[in-house]
Structure formats: C-alpha cells, structure tokens
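Letters A, B, C and D name the chains as they come in the text, with residue numbers starting at 1 for each one.
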Amino acid sequence: MPKRLALLCCLLPGVAFAQTTGQWVMTTDLWGNPAYRTLTLVEDGDTLTGDIDGDKLAGRRTGSTITFQDVDANNATYSFTGVIEGGRIEGIAEFPDTNNPALRAQHAFTARRIPDRPAGPPRRHEFAPTDYSNTFDPHRLPVLTVWPGDTIHTTTLDSGGADENGHTQALFGNPQTGPFFIATASPGDTLVVRIKRLRLNRGYADSLDDIVDHALGASLVAGANDLGKPVRWKLDRVRGLASLETPTERLKGLSIPVRPMLGGLAVAPGFGAAPVSTGDSGRFGGNMDFNEVVEGNTVYLPVQQPGALLYLGDAHALQGDGETTQYALETSMDVELTVDVIKGKAIRMPRVESATELMVLGQAGSLDEALRSATTGLVQWLQQDYGYTLSECAILLGSSVRYGVPNLAGRNVGVAARLDKALLRK
Amino acid sequence: MPKRLALLCCLLPGVAFAQTTGQWVMTTDLWGNPAYRTLTLVEDGDTLTGDIDGDKLAGRRTGSTITFQDVDANNATYSFTGVIEGGRIEGIAEFPDTNNPALRAQHAFTARRIPDRPAGPPRRHEFAPTDYSNTFDPHRLPVLTVWPGDTIHTTTLDSGGADENGHTQALFGNPQTGPFFIATASPGDTLVVRIKRLRLNRGYADSLDDIVDHALGASLVAGANDLGKPVRWKLDRVRGLASLETPTERLKGLSIPVRPMLGGLAVAPGFGAAPVSTGDSGRFGGNMDFNEVVEGNTVYLPVQQPGALLYLGDAHALQGDGETTQYALETSMDVELTVDVIKGKAIRMPRVESATELMVLGQAGSLDEALRSATTGLVQWLQQDYGYTLSECAILLGSSVRYGVPNLAGRNVGVAARLDKALLRK
Amino acid sequence: MPKRLALLCCLLPGVAFAQTTGQWVMTTDLWGNPAYRTLTLVEDGDTLTGDIDGDKLAGRRTGSTITFQDVDANNATYSFTGVIEGGRIEGIAEFPDTNNPALRAQHAFTARRIPDRPAGPPRRHEFAPTDYSNTFDPHRLPVLTVWPGDTIHTTTLDSGGADENGHTQALFGNPQTGPFFIATASPGDTLVVRIKRLRLNRGYADSLDDIVDHALGASLVAGANDLGKPVRWKLDRVRGLASLETPTERLKGLSIPVRPMLGGLAVAPGFGAAPVSTGDSGRFGGNMDFNEVVEGNTVYLPVQQPGALLYLGDAHALQGDGETTQYALETSMDVELTVDVIKGKAIRMPRVESATELMVLGQAGSLDEALRSATTGLVQWLQQDYGYTLSECAILLGSSVRYGVPNLAGRNVGVAARLDKALLRK
Amino acid sequence: MPKRLALLCCLLPGVAFAQTTGQWVMTTDLWGNPAYRTLTLVEDGDTLTGDIDGDKLAGRRTGSTITFQDVDANNATYSFTGVIEGGRIEGIAEFPDTNNPALRAQHAFTARRIPDRPAGPPRRHEFAPTDYSNTFDPHRLPVLTVWPGDTIHTTTLDSGGADENGHTQALFGNPQTGPFFIATASPGDTLVVRIKRLRLNRGYADSLDDIVDHALGASLVAGANDLGKPVRWKLDRVRGLASLETPTERLKGLSIPVRPMLGGLAVAPGFGAAPVSTGDSGRFGGNMDFNEVVEGNTVYLPVQQPGALLYLGDAHALQGDGETTQYALETSMDVELTVDVIKGKAIRMPRVESATELMVLGQAGSLDEALRSATTGLVQWLQQDYGYTLSECAILLGSSVRYGVPNLAGRNVGVAARLDKALLRK
C-alpha cells in the first residue's frame, strides 16, 4: 500500500459499509490540476468490474478498501487503491510517468458517487440560483444533478450581474447560472438542450450605441470616437416590443419586436483547459451570442467533462447579427430547458436546430476560419445524421446553404451555416 | 497651333459645319492609355462655355477649329485645340507634366458626340447581342446608348458561353452582354438598375459538386480530392423547380424552387484601372455573385466612367450563399432592366434594395475586411438617404442588422449587410 | 459597524498591535471573484492617509480597527472597515452597487502586507521550484517576492512537464515557474525583464514533424495526414548544436546552432480575466513563443495586477518562425532574469529590445490583425520613448520596418514589428 | 476549304515561298479573345510534324497552303488550315464547341515566326525603352526577342512615370519596361531572371508619410487623417545613402543605406486572364514589391504564355517591409538582367534565391492565406529541387524557417517564407 494511502487509512479508521456499485465522478490530482473521469463500478462478491471513461477495469474490494486498474488504448496501466466511505472514495492512483513510461507516478484521487436515477418519469426542477459563475469552469461544484429528460426552470442575470429587480447579484461580465450536472453524460457524448421557454422578466434592457472594431471600416473609425455611450431600452412584455427610453427625434417611432435569446450556453471545457472567461467561447459553446438560441430551438453541445456541467446566462431581449453594439439588449430572463444526452455521439461544434433549419456555429479568430469551421460542421451533420456523401453535401450546400454572422463582439467571431430541413431525406 | 494639330488640319481640309453644343465623350490618349471625360459644350456666337467633368471651360470656335481650356481644383490649366467634323472632334490637348507642373505635355484627344435625348417618354429597347465581353472593360465600344428611364430587354449567355440553345457564342468565363452607354451618367453619379424581369430561357443548368477552398475546413480537404465533377440540373420552367438530371439514390427526391439571379452586373471600372476579368469584382460591381440580384430588386452602382457602361451576364437559376460549388446553377437568361441615374450622388459600393430590405455588398480579399466594408456601406446609406447620425446607425445595426455571405468563390469574397426598411423613418 | 464585521471582531479578540504604514495587497471578494489592488497606508497618530491604486484615501485607526475610504474618478465612494493583525487586515468593504449607484453593496476584503524593501544593493535569488502552474493565474500565491533590480536564478521544465533529468514534475502543457511578486509593480506600470542567462541544462529536446494548420496550404493537407510524429533532437551543450537523434538518410548531416529562448513569459492577466491557459497569450505576454526572447534581450510587459506576478516556462533550444511544428525543440532550461519596474508607464503590448533592435509583438486571432497591432505598438514606442510624431513614425517605418511572424501555433498568432535602433535619435 | 479561308487566299494571291520549319507563336481568336500557343513545325517534303504546346501535330503543305491538326489529352481534335507568307501564317482553325463537343466551331488564327537563335555565345542587349505598359499584358507586342543566357541592359521609370531626368514619359501607376520575349519559354516552364545590376540613376526618390490600412490599428486611424503627404528623399549615389530633402528637426540626422530593388517584375498572365494592372500581382509575379528583388539575387517566375513576356518597373531605392508608406522610395533605375529558361519545370509562385537563402513569396487577399501559400511554395521547392519528404520539410521549417511580410500596400499582400541554404543537402 502506498505510503500516502496508509496515512489516509489511519485518518479514516471506522468507515462504514458503503455501496460500491454505481456511477462515480473520479477526480485525480495531476500536479495540482484536477482531472475528472466517469467511473462505473459493479460489485459482485468481492470482485469489481466496470470502466473508467469506457476503458474496462478489474479489481476487488476488501472491507472498505478497494483496488482496481484499467488499461488504456496505448496499453498503459492505471492502478487505483482507495477507501470507500458513504458516497465517497479517497485514495492513490499510480499512472505511468508521462515522459518516461517506464516510471510510475502517484497521484491522489477522490470519487463522489452520483445518486441513482429516481424512479418515475422525467422531473421538472425549479432552481433559484444564489450564486453565479464568471467562468465556464470544469472545477465548480454542480448546483443540481438532473437526468436525461428532466426539465430545469430557472433564471439568468443580465450581463452586468443584475436580476429581474435590477439589483446586482454577481460580478459583471456575463455571470452564469449553473453548472448543472447531467447524469450519464460523458466526454464524447452530445448534450441536447431544448429551450422550452425563454421569457423577459423585467421591463428594461441595457445596451450601447457602439460599433465593434470587427465591424467598423477605417473610414468610420475617426467619427466613432464618441460612440460607446449607454442606451437603455424599454421592454413592453405584453406586446413584446423594445423601444428606446430616451430616443432622439429621429428614433422616436422605433419599436422592434423582441426575440429573447441566450447569449451564453455552455458545457464545461475539457481536460487541460483552464476555466474559460464567460466572455469567451469555443467548441464547448460559451458566450456564443448566437441569435438563434431562442425559445423553441434545440442546441446540441459536445460533452467534454463527466456530467457535462451546463452553464447558461447573458440573455438578450434582441440582438442583431454580430452583436455590433458590443452589448445587445441585455436583460435578465426566465428560462426553461429540457436536457437529454445522446450517448456515444460526438459532434465537432455547437449545433442549433429549429423547426425548419439545421444551423452550425463555427467560431474562430477570423471570419474566414469561422466560416470554414461552420461549413465543416454542417457537412459533418449531414454525413452523420443523414448519411449523405461529401459529393451530395457539396450539391446541397451549393444550391441552398445560408451563412449568417451572429457574433463579431468577442475574441472568437461566429459564423453560422444554415440549411433548410425540407431539402433533406427523412 | 501645336505642330501635330497643324498636320491634322491638313488632313481634314473640307470639314462641314457641325453642331458643337451638346454632350460629348472625350478620350485623351495618355501615353497609350485612353482617359474618358464628359465634355459639355455650349456655343453662343463664337464663344464656347460648358464643362469637363464639372470643371468649367471657356473657349471659342473659328470655322471647324475649336479651342477651349479648363482649370481644375488644383489650379492646373488644361488646354484643348481641335477640329470638329460631324459628331467627332479630333485634336491635341496640353496638360501640365504630372511630375513637373512647370512643364506642359501634349496628348492627342478625340471626342464623340452623344446624340440628343429623343423626345417622348422613356423607351424600351430590344437588344439581341451578337458578341460578348470577357472583361469589364472601360475601353469597349458601347453596344447601345440609352437614357435614364429607358428599359433594356436582352439575354445573357451562361458562364460557359452557351446560349438558350446550348450553343457556344463566346469564350467561357462569364461572357457579358453590353456595355450599354447610359447617357448623362458621369463619374460620381449613381446608376440605378431596376430588374424588371429575370427568367429562365432554357431547360438545364450546369454546376459542380465542389466545395471552394474558402469554405472548406482542413479536416475535409483530404476527402475533397475527387470533388469538382460536373453536375447537370434540369430546370422545370413551368413550375420553377430545379432537380438533378442523374441523381444519386439519396438525392432522387431533391427538387428546389429556382431563384434566378444575375451573377454579373457592372459598370466599367474607373480611370487607371485595367479591364477587369469577368471573374472578378470590385466597387464597380462585376462578378458579385450576390443571390439578391433578382427580379423585383434594384441595384445601385457607383458610376466610374462617362455613360457608366453597363455590363451583365453569368446568370444563375439558383445559388446558395457563397457559391460554394464554384459554379452555381449556371444558365442563360432572359433579362429586362430599367436604368436611371442619380446625378451627383456618390456611393461607396454596390447596394441592392428589395421591397423590404436595404442590402450593401462589401467585397474584399478576406471576410473580415468584406464585412467591415459592408457595414461601412450600410452606415453610409443610412446617413446619406435617411439622415441618421452615426450613433443612431449604431443603435439600428446593433438591434437589427443581418449579415450574409453571398460569395466565397472569387478573388474577392462578399459579405452583405442587410436592414429591414420597416425600422426606418420615411 | 456592519454585522459581518462585528462577528469578525468577536473572532479576533486579542489582536496584537501591528504595523499599518506600508504597502499592502488588498483582495476584495466580488461575488466569489477576488479583485486585487495596491493599498498604501501611512499612519500618523490615529490618522490614515495613502492611496488605493492611486486614488487617495483618508481614514483612521482605533486600536486594531481601521476604517478608510477613497473616492474614484467617477466620484464614487468606497469604504473599508477592518481589523489589522500582524501582516494582515480582514474586513468589510462597502461599494456602490454596480447597476444601481444609489445602492451600496458589501464585500469582504483582506489585505496582506508586503515586507519592506531590504536594505542594501539589489539581491540575487536562487529559486528552486517545487511546483508549477498550468495557468497564468492572477490568484496563485507568489512563490517569491523580489524588488526592482533583483535577479532571479531558477529553472524551467519543458513543455511536457519534464525537468533536466527527464522526470515529469508537472502536468504537460507548458507548466510555468512562478509567479514572482515584484514589489512596487502596479497596474499601469511596465515590468522590465532582462534575460541575463538562458542555458540548456540537458542533452535532448522533443519536437514533432508537424506543420500547423495556420501554415499549411490546402494542396499539402492531404499529404500531411501522417505528420505529427515525435522527433527527438540531441543537444550538444558544449558546441551549442542540435541534431536529430535518429535522422533519415537525407537529414544525417543536419546540425543547427541552438538559440535558447523562453516560449512563455507573462505577468498575470488583469482584473476580470479568468486564469489563462499556459498555451494561450495576450497583451500580458504568456505563451508568446517569440524566438527573440533570448539571452541578452530585454522584455517589457504591461503590469496588470499588484506585484505583476511573473511567470516563465516552455523554453525552446531552437525555434523557427511560427513554431510550425507545433512543438519547437522543447527542453528544460537554466534561467537568470533581472527585473525592474517603470512606474506610471503603460505599454499596449509586449516589447522586446535587443542591442540593435526594437521589437513589438502583436497578437491576435489572424495575422492581419496581429500585424496591425504590432505596427500600432511600435508606433506607440517611437512616440512614447523617442518623441516622434505620427508622420515621422510613418517615414521611419516605410523605409525600414521589418516584420516577422514568430507564432502560428497558438490560438493567437503573433507578428513582430522590428526597427533598427541605429536609425533613431538618442 | 472553309469559306473565310477561300476569301483569304484571294486576298493573298502571289505569296512567295516561305520557311515553315521553326518555332511560331500562334494566336487564335476565340470570340474576340486572343489565345497564344507555341507552334513547332518541321517540314520534311510536303509532310509537317511538330507540336502545339506539346501536343503532337501532323499535316502537310501544298504550295503556300498548310494544314495540320493535333489531338489533345481529352482526345479532342483541333484542325488548322492557313496560308504561309514570310514569317506569318494566317488561316482558320476548327475546334470542338466548348459546350457541345459534337459540334465544331471556326476561329481565325495567325502565327508569327520566331527568328532562329543567332549563332555564337549569349548576347548582351542594350535596350532603351520608348514606351511603357500600364498593364501586365499578354497581348502587348514584345519590344525585343532574346534567348536563354542573354543579358538585357535597360532602364525603368519611377512609379509616377518619370525618367532619370524627372521628366514624365508614361502614365503614373508603375509603368513597365517590356515585354521581352524569351525565345523557347512556354507555359509550364520556369523563367530565371538573374539581377546582375540594379543601380540608382538619379539623385532623388519620392515617397509619402503614410501608413497603409493593412498596417494601421484602429487606435491610430483617427490621428492618421493628415498623413499621406509627399516626402522627397535625396539619394547620394556615391555613398549609397538616402536622407530627407526637408527633414523635420528630429529626422535631421536620418541617413539610411539604400538597397535598390525592383517592385515590379512579371511574366504575362496566362490564358483567360485579362491584362493585369501594374499595381496588382499574382503567381505570375507583378507588383510584388518584394524587397529581396535586389542586385545579386535570382528570381524564378512560372511562365504562363509563349515567350514568357517579361515586364519590369517600379524600382525602389529602399523599402521597408510592407511598403507601409504606400509609395516606397520611388525612383528610376539602371537595370541589367540575365535570363534563362528551365524547360518543363513548373513552379507554383515566385521564388527568389540569394547567395544564402531560398525565399518564396506567397500572395493573397489576407496575410493568413499568403503565409499558407508561401509555406506551401517553400515545401514544393524543397521537395522538387532537394528531394526531401514532407516530414523532412516539416522538420527543416520548424527549426529554421523565417517569415517576412514584404507587401501590405496592394490588393494582394505578400508573405515571404525563407530558409537558410546552409541547412540543405547539396
């Protein structure tokens, strides 16, 4: 028994009998960096089987001590020895040294047991958030564990941290509600988020009169020096209209139908990623600012961590393409989502599906790369779900693809590739 | 009298009396490069007044010999001495030396008289082209002179040079019908092209199963090696539907409503520009491949040369955004256009107006620059025609702008910035 | 006294008398996000003066309880009440509500006292790291506090986490040594890092035979499928040469002079930023992979946090422009740096100065933006330090600027704008 | 005999006997577009053999009438019937209809005989230009025919059209000397241009104090409004130094060694291309503005037309990277070039070789694409001339490639990929 574990056992002398069989989230401490994996244990007598992120494990249990090991695709062996107590395992893992496979390195690990799925039909969870995250963080403790099919009813703050009463509840910069742990979701799966309801819950939104650098030609730059001033919009929740609180003479009649959307929707980024600013985005979603993330549409995100860890926030009452004002019509929101997991289906990047369209969001440091990414993602969707060849995809795109540019305001810009579902085989 | 002109007079001894008053297109030979300007002459006794591209001139006429000079904004003097005969002037100009304003340089010039506007209402011209241009060329002789308000009914070849019978009538690469000389149009004006009718005139279109480099992510490139094969589409002109001539099993049911458009629409590029390939584009329009250049819409182009010199061609029965197949559904077309000129109104780049939207096409070597250009052009439109301030434009864009990406297949890529006209003050 | 503070006082009844006058790093907890500021306190009797990040404060001390407040440029008042004990203050701050200036919000704060500068000349610190950071993290505790003029002698791991013996000491992905707290450095200052010594400390480096996406044209992509294989280089430390451990026939004679460089050099990112992956970069420096960060050169970084928090790592024995192999010749390194602080001088982005050249590194999501950034940074340098006008800068650049492209392998690409110092006035 | 040819024969009744065997440049009129091909005829009795651009031909001669035909790689037959008189053939060709291979289309053709290579060693040609081209034009008549190994000594105007006396001899915009017809050069070959001598021939150069859009960050744009003013430099030809004619106080001591270069060097663009503005560039070279096109270096260009048609102009006394002032130090120049042809060797894009380096110039609408192109071109060079595999190229680049950015001032921007020749196998 490794020395550090022996010490551990001394500290936990009287551990009670605990249930081993089930799903666990295992956290290994790699030189200060927590790495999360899904551990499935099946106890039969004193024999343990199961898997770690899909790699089969074999082990045994002796009292409260369990040992098991798995072998990965490169034939490397990972050994674990731990003490189980209640819904928690604590122990020492032995891994091959990354740079010297001949050597072995010890790492502390813990695991927490995911409760079994409650019996009965999918549930509806009322969740009133009390704190918020300013990062899309793989390390933040889940605020709620839900199962595929469950519905979450909650609220989001505006991007400045204000709630439905205009009171600040969190630090500005797109504070997020969550994360929600979606039981059964593992890296390589797809998280399905159906937006059942997305409604205004206060009477105003805040914006600017800005034009972001990514949209502004050189000939306008000199005149743009005094842009960036705050602009408050009134939101008429009954009629669903936005108008300026203090319009100039020329904008007095301006009244625009709102189209509430979630600017931020994310799973936690994967192993090796630092927590990501809620102003940033990536293939995990994030601050996509995609104005098709609206009520009635479904968002697909590639799961990167056990439980997916779903975050949401930064809702907009209305947003033009590109979010060219840097802030759209920022407001708090009433949100209802139903989640699902497609096991074993990996997607490259965020997808949005409406009643009539497939939409893929490519995100990159330039529009040229973002558009390439979006096209590639749409082709993948057509191949993966509809069985088209690349040649057939080319024909469909050439005649019918539509490109939009939802986001110009972030470090990533976003291009959406869209296709009418009516063209596609069933 | 300059020596070269004395010689000229000897060669033209018996010139008849000719009408001087009127509009002329003057061509000056600058070291082998023809430069075109609009010359307006008003004869009163033997005194000449008028202007050259807006700079006032003063001169006199003695028999068939006329002399006049103008002074430009930099106070440089340009002198002209010529012989007038019928609708033509031929002579010698004296300009300041470009690099040595103290010196004077002689250049031959000619002018051709533009006929007076016919009396009566605007006319409808039936024009059956007999040859085609493979460049947007400022030097090509006009095929027809028309007046603001006139309508032109003509045809275009497909991009491969084939006509409505599938017979080759011109070299492939977007051969164009035209140029049409629009009387009164001068650099600094805006040409208005109303697309009254754009109809299929044959039963097929040719395309490819390609994905252009600008749309293709690295992960698809390897598999794209055998793309680029010809694809023929059947066009059902009665029902307005396109379907594949020899579909794969999976594309058998594919039938898409056509949306005929002009890929090429241009005025001639301005002074100093070489003739531009009909595969290329610029602020003069050109091979824009913008799928909103459709029947019912109006295109605005910035005039660069006297008479604008309107070219059209490269019609598509249907085109997705980006023309990602490199060739859209290329076909010949029946076209009817009404032209107009807005004097003294300069626009930055091509604009398209539909019943419901303003659309500006930005074109550049990258999407990032093209989008900046499109936004800048849309702001200019809002300022110029609607009187909004930059701050008001920013607010309108932030809430409501839509971006599309019509063109990825050329050297320029194109981004369209679009705005709903319902939002705008009257 | 706020309720939370009253509780605090109960918990700390017998605090000893403590030194107030001096510099402190104050941490305010903004809804779970620590914000750091430099607090300068001067005690005179029971009166406190000083400043918080430059904003003057006024307060008083009563026993171990201190209260003070400052007013910022927008006339907002920030009040602090705390208990001082040893080198630590703990208390409650009251700030205006971000979204409702009429309201006040309470935030816990702490402060830790920075020791006074030791008497005598600048010191040389031997620092043997025991753990490493996988983020450029504003929240990580400093490993050492040093003063301007001090020298740090330490080591860095290779990008895979291996030390001079090839043993893994940290998680792969550019683990960093540090952070070092540079006393007196505050946001708005410039940190000066003179690289006194940068030497190989082992006999090999690891690389790949890859070509990164950002360097690879479409025509090479198909053939690039089996690139990305590990390549080990032998490092001859005596002669300073790198050669392949198992060369192909054609590369047998290849022997290249090493040019050791630090791929990673950073101050902590500023308030509001999440910890940044050590694979990423920004105006704070980071994983710049700039092959001019070599022995003898000086790097200037814009300080973003109290104490700057200097990180270093990811050394390369040799790197071509662009780090096109994704991994350069990655190796551990022996490093000696002298640090300095230029108070009140803000720079836009990282600068590097050699004996002969000024070099500014622009970093962005595309080369086009990175180059614009680099030019802008070089112009700022010429204006700020040499007093040239923009017109004079234009003339110097037009005749003499050199651009390089150090980095193509990260999310940011990097362009360097370089100018020969011999051209510049003294 | 086709009808049009019969007419032709009537017009040319008494044609003298003429030499058939030899090389000809054949021009076919494709609906108004001249297409050039290299025709090699070998007469043996009345039988003709030879080839057209490498496709074998067979034919016969009857008096002054010759007929021949070739079959291309797609098995299409091209037939020619013409009348030969002196060094000229005139006739009618029959080609398959482009869009209907079953049909045949008639096209007029002419051919002009290229004189035989003079006996003796390569020659040195003194060429004093009398007119200049403002396009890189495939249709302009050659000013001189030279053979591989020959040397041309000539002059170029400055970009504004002024000669060594400052007198304007051509229209501004980079007027070019040429084109020179390089006998034996055909599409698919490589033209080698050795710059033997490149010397100042007057005492001044003209520039601006500008910063081009592609180099200018948004924060500088507002201040850049009054840039763009003329700046004259004095050129000290004895000491090889440039200094400002009327320096500001701060630039009084500025004196920079000149480094004369050719901004423009081109072969004519290939079939289907319009004449290209001398401000533009492409894989044929053109206005590359590459500051390594200097005395002592060798430029390789991919031949696109029979005889290559070499143009040169737009010399700079000195130019920083990027030509950020829009005009470099523009001046007239004394030039001596030796030309050579590498038969059957096709290169992708312009290459420059110095005594120590390989340099490839990638040109595109964005720096990101230009850099990809440059890398691809350098890899092709290493593969083609040195026999390295892609993996070996990756290793060489990763350790040693250098990127520069010669050109930011044109529609294409240019990136140079450079590699030290000392690293390469012999």
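Assume a residue touches a chain if its C-beta (ideal position, glycine included) is under 8 Å from a C-beta of that chain, and two chains touch if they have at least 3 such contacts.
For clarity, every value in this text was computed on a predicted model and none was experimentally measured.
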Taking each chain's centre as the mean of its C-alpha atoms, give the chain farthest from chain B. C
Looking at B-C and A-B, which pair shares more C-beta contacts? A-B
So the centre of each chain is just the mean of its C-alpha atoms; given that, what is the distance between chain B and chain C in Å? 54
Taking each chain's centre as the mean of its CA atoms, chain A sits from chain B at a distance in Å of 49
For chain A, give me the residues that contact two or more of the other chains. 216, 218, 366, 368-369, 413
Give the list of chain D residues in touch with chain B in this complex. 30-33, 97-100, 103, 105, 131-135, 160-162, 166-173, 175, 272-277, 280, 364-366, 368-369, 411-413
Chain A to chain B touching residues, read off their complex: 207-211, 214-220, 223-224, 226-227, 229, 231, 242, 244, 248, 250-251, 253-254, 256, 318-325, 328-329, 366-368, 371-373, 375-376, 379, 387-405, 408, 413, 415, 423, 425
Spell out the residues on chain A that touch chain D in their complex, using ranges where they run on. 213, 216, 218, 221-222, 225, 366, 368-369
